[in-house]
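Below you'll find a set of structures to go through.
After this come two complexes, each holding chain A, first together with chain B and then together with chain C.
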Partner chain A sequence: MITMENVCKSYKVAKRNAGFGEACKALFRREYEVIHALNKLSFTIQDGEMVGYIGPNGAGKSSTIKILSGILTPDSGTCVIDGRIPWKNRTEHVRHIGVVFGQRSQLWWDIPVIDSFELLKEIYSISTPQYNNKLEELTQLLQLQEILKTPTRQLSLGQRMRCEVAASLLHEPKLLFLDEPTIGLDAVSKLAVRDFIRKINREHKTTVILTTHDMQDIEVIAERVILIGRGQILLDGTLDALRHAALNTEDGTAEEQINLDRVVADLYRKLNIL
Partner chain B sequence: MRKYYLFFRLRFAAGVQYRMAAITALTTQLVWGLMECLAYKAIAEASGNSLPMNYSAIVSYIWLKEALLALFNTWAADNDIFGMILNGDISYEMCRPLSVYSMWFSRTVGGRVSEALLRCIPVLLCAFLMPYPYKPGLPVSMEAFALFLLTAVFALGVTVAFCMLVYILCFFTLSPQGWRMVLTGAIDFLSGNIIPLPFFPQGYRKIAELLPFAYMQNVPFRIYCGDLAGADIPPAILKQIFWFLVLTLAGMLAWKQAEKRIIVQGG
Partner chain C sequence: MNIRKSIALYTRYASVCVKSVMQYKLSFLLMLIGRVILSFNEFIAIKFLFSGFVEIRGYSYGDVLLCFSIIQISFTLAELFGNGFKVFSSMVKRGEFDRILLRPCSPILQIIGTRFEIGRTGPMITAAVTLVIGMRTGNVAWDAGAVFTLVLMIAGGTLLFIGLFLLGASFCFFSIEDTSIINVLTYGAKSHGKYPIDIYGKGIMRFCTYIIPYTLIQYYPLQYLLGRTTQWRFALYPMGIVVFLALCYVVWRIGVRNYKSCGA
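Take a look at the complex of A and B:
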């Protein structure tokens, strides 16, 4: 179970106007602006839930994921995941979680994917039979047979992302954080990744938290949607509740409401969080 | 332990992939080594052979330095690690149930040993084929050779522990370039990579020997060629261990601070 209570995180950003004169001035005196990425964020997620975490760019989605996975230390507030505080018991905590950052890579660039997997096997102390089983399962589900022996740098984005997802599940984590896992994928890879996430959740009761800008991801995967804007939770409920919230203000036609992207865009506008 | 060994092995595998780089480096090192041998020859003749090290010891020192450049240089730190810190891929490193410090330490050692193994054999082979005065000597004795190997391990430890500090400095300043330029330039000099420490004027040499950098490549190379011998060896080894412990501890403490400051920008 994940409980987050009143978590705050702010960043200091140096700002200046355009121009050479301004640049010189900034050498001596910098003006900082404090950005509140997360502002008293609280939520609870039960075991086995699939949660879609959405919000406009800069809403604080990634910051939340990074706090949950122990990378960032929040300024204040508490966060307890299965009895552990992520940033305090980092090494113990990360043993039980899998993370995919859609924009980064955890595979070694120059060597075949399978070598990276073997390293993960050692890092997480996975026993050989368990590793072999899992690898076979993942290879089949994500169709990795052909690409496991290829060096990472020669994989296409879609192939790489499938490997990234597999890599984060080798140690059978109870929790899976996906930060934009379908970014830049073609239709086939997207479908494969989505199906796979659902399957993992169904079969292993893995809790999944997913951030994305692709509303179809949310539609297919998430049973529950958390909408965040300006560091605060604005809506927490099912997809239908989300549709409803948008419907209540905009008098768009029913047809328009089928288009989820539009629903969400309307909501963002209505909540004034863009 | 096995985990760290695997890091080492993987980095090794990645290092071995760059064959072309190894060949070009070989040429550079041979030319550079020979040039240095000639320069010291000129100095030796001009000064009437009253150098602080004898000429054959200098030649051995130079060739060892060239052959093991990848192992002991302080300026070529693992660029992947700098990359990870600057572009945020460190996110993944922090999602592993291991200490980041140990992970990076074994990775750096792996990178250095793989490159050095690949490069030292051809450089040494070519060096031993050089005509007489420019040819490196064999170790002065079996014990000297054993001590050379032992102190080389400690020297690598001190060097890598120092590199770790340089990595961690990146967390405190946005661009590591400036720091690296200043630090590595000075340290290249103080570790005896440009001229061997015995060539330093007495006072400066005393200062250099108070610093950790004198306990990197300086010790094993001078033991090999017999310039550092007898009763001078044990204190040198003790100081190597001392500096290794101090630098590692400092690195770990600095990492603890850095960990709290991490900000991963954008995505």
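Take a look at the complex of A and C:
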């Protein structure tokens, strides 16, 4: 179970105007702007839930994920995941989570995928029988047989993403973070990844937290949607609740709302968080 | 994570690095040869210098070659094992450090493990050649004590350079983009360190003792090695580098904490 209470996080960002003169000035005296990335954020997520975490760029999504995964320490507030405080018990905590960054690879570029997996086995100290079982399961579900022996650099994006997802699940994490897992994928790969995520959630009760800008991801995967804007939670409910909230805008007509992207865009505008 | 496991994991990382490099054999060979030639050039420079002089401040050609080879070996070993620290700023920029923090093992182990570069061992060839010449022509009586001193000097030197690389890596946490300062200290020391430090005069000596403790791994044990002093404790001075390394590690820890609180 994940509980976050009143978590705040602000960054100091150096600010200067354009131009050479300004750049020189900045060398000596810097002006800082404080950005409140998270402002009293609170939510609870039960085991086995699949949560879509959405919001416009810069809303605080990655800050939240970083705090939940233990690589960022918040300024104030508490966060407990299965009894662990992520940033305090980081080494212990990360054993139980898996993270997929759609934009970044965790596989070794020049060696076959299977070698990367073997390295992960070592890193997470997975026992050989457990590793073999898991590998077999993942290979079957994600259809990796053909590509395991190929170096990562020769994989297509879709193939690579399937391997990325598998890599983050080898140590059987209870909690899986997916950061834009379908970005840039073709339709077939997208469907495969989505299907797979639903399957592992059903079979292993893995908690899934998904951040994405692809509303179809949300529609297919997430049972619950948390909408964040300017560091605060603005909506927390089912996708239908989200649709309803958007319907109440003055300019939206019922037909337009069929398009989910439209729904979300309207919501962002209505909540004035862009 | 215990030591045995850490070493096993490090070996694993290193073998993956070697495998990766072997995917580009030509580029690996070029790097190796390039580095041999570079270091050999430095050796030639010393040789030419000594075609005009017999000695510099009482140090003979053989003595200088000894210094040269010791610093070469130290630096090469440090680059081999500590290369990850050298390229750390690019790892941070690409978000690789986030990924490292997501793994349940020591960040330092991962940083140096993932950037093990076997191609950097090229200068070892030059170092070996000059070491042999230095041992034959220098003013050293090669008994057990002398060999022990030599090994300590190399070990201390390696740790010193690794400490400097670690210090340089820590700088990225404090939003210092430029690592020239550290390069001055590392590459500067590498090129000046081929001569005994006392030939540069008192000021440099002080700097190299109290700011960056180069004299601990070079000047003092060298005096003992060359039989210029009978004080055997000089031979143990390289052990002092451990303190320096510990200080660098403290800076690193502060940096990591800073990273976790501001996300760099």
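Keep in mind that, in the parts below, the second predicted complex is superposed on the first by the 272 of 274 C-alpha atoms of A that agree within 3 Å, B and C clash if a C-alpha of one lies under 4 Å from a C-alpha of the other, contacts with A are read in each partner's own complex, and residues count from 1 in each chain.
Keep this in mind: a contact is a pair of C-beta atoms (placed from the backbone, for glycine too) under 8 Å apart; a residue touches a chain by one contact, two chains touch by 3 or more.
Values in this document were obtained by computation on a predicted structure and should not be read as measured data.
Overlap between chain B and chain C is detected when the two structures are superposed via chain A.
Of the two partner chains placed by superposition, A:40 touches none, neither chain B nor chain C. Of the two partner chains, chain B and chain C are each touched by A:66. By the touch criterion stated above, A:123 is placed in contact with chain B and with chain C alike.
Within the superposed three-chain model, A:179 lies in touch with chain B and out of touch with chain C [touch as defined at top]. In the superposition on chain A, A:110 makes contact with both chain B and chain C. Once the two complexes are overlaid on the shared chain, A:99 sits against chain B and chain C alike.
When the two complexes are overlaid on their common chain A, residue A:90 makes contact with chain B and with chain C alike.
Chain A uses residues 11, 66, 69-73, 90-92, 94-95, 97, 99, 101, 104, 106, 108-111, 115, 119, 122-125 to touch chain B in one structure and chain C in the other. Residues of chain A touching chain B in their complex: 11, 62, 66, 69-73, 90-92, 94-95, 97, 99, 101-106, 108-111, 115-116, 118-119, 122-125, 179-180. Contacts from chain C toward chain A in the complex involve residues 5, 8-9, 12-13, 16, 19-20, 23-24, 94-95, 98-99, 101-105, 260-263.
Chain contact summary for the complex, chain A toward chain C: residues 11-12, 63, 66, 69-73, 87, 90-92, 94-95, 97, 99, 101, 104, 106, 108-111, 115, 119, 122-125, 151. Residues of chain B that touch chain A in their complex: 2-3, 6-7, 10, 13-14, 17, 80, 88-89, 91-92, 94-99, 259-260, 262-264, 266-267.
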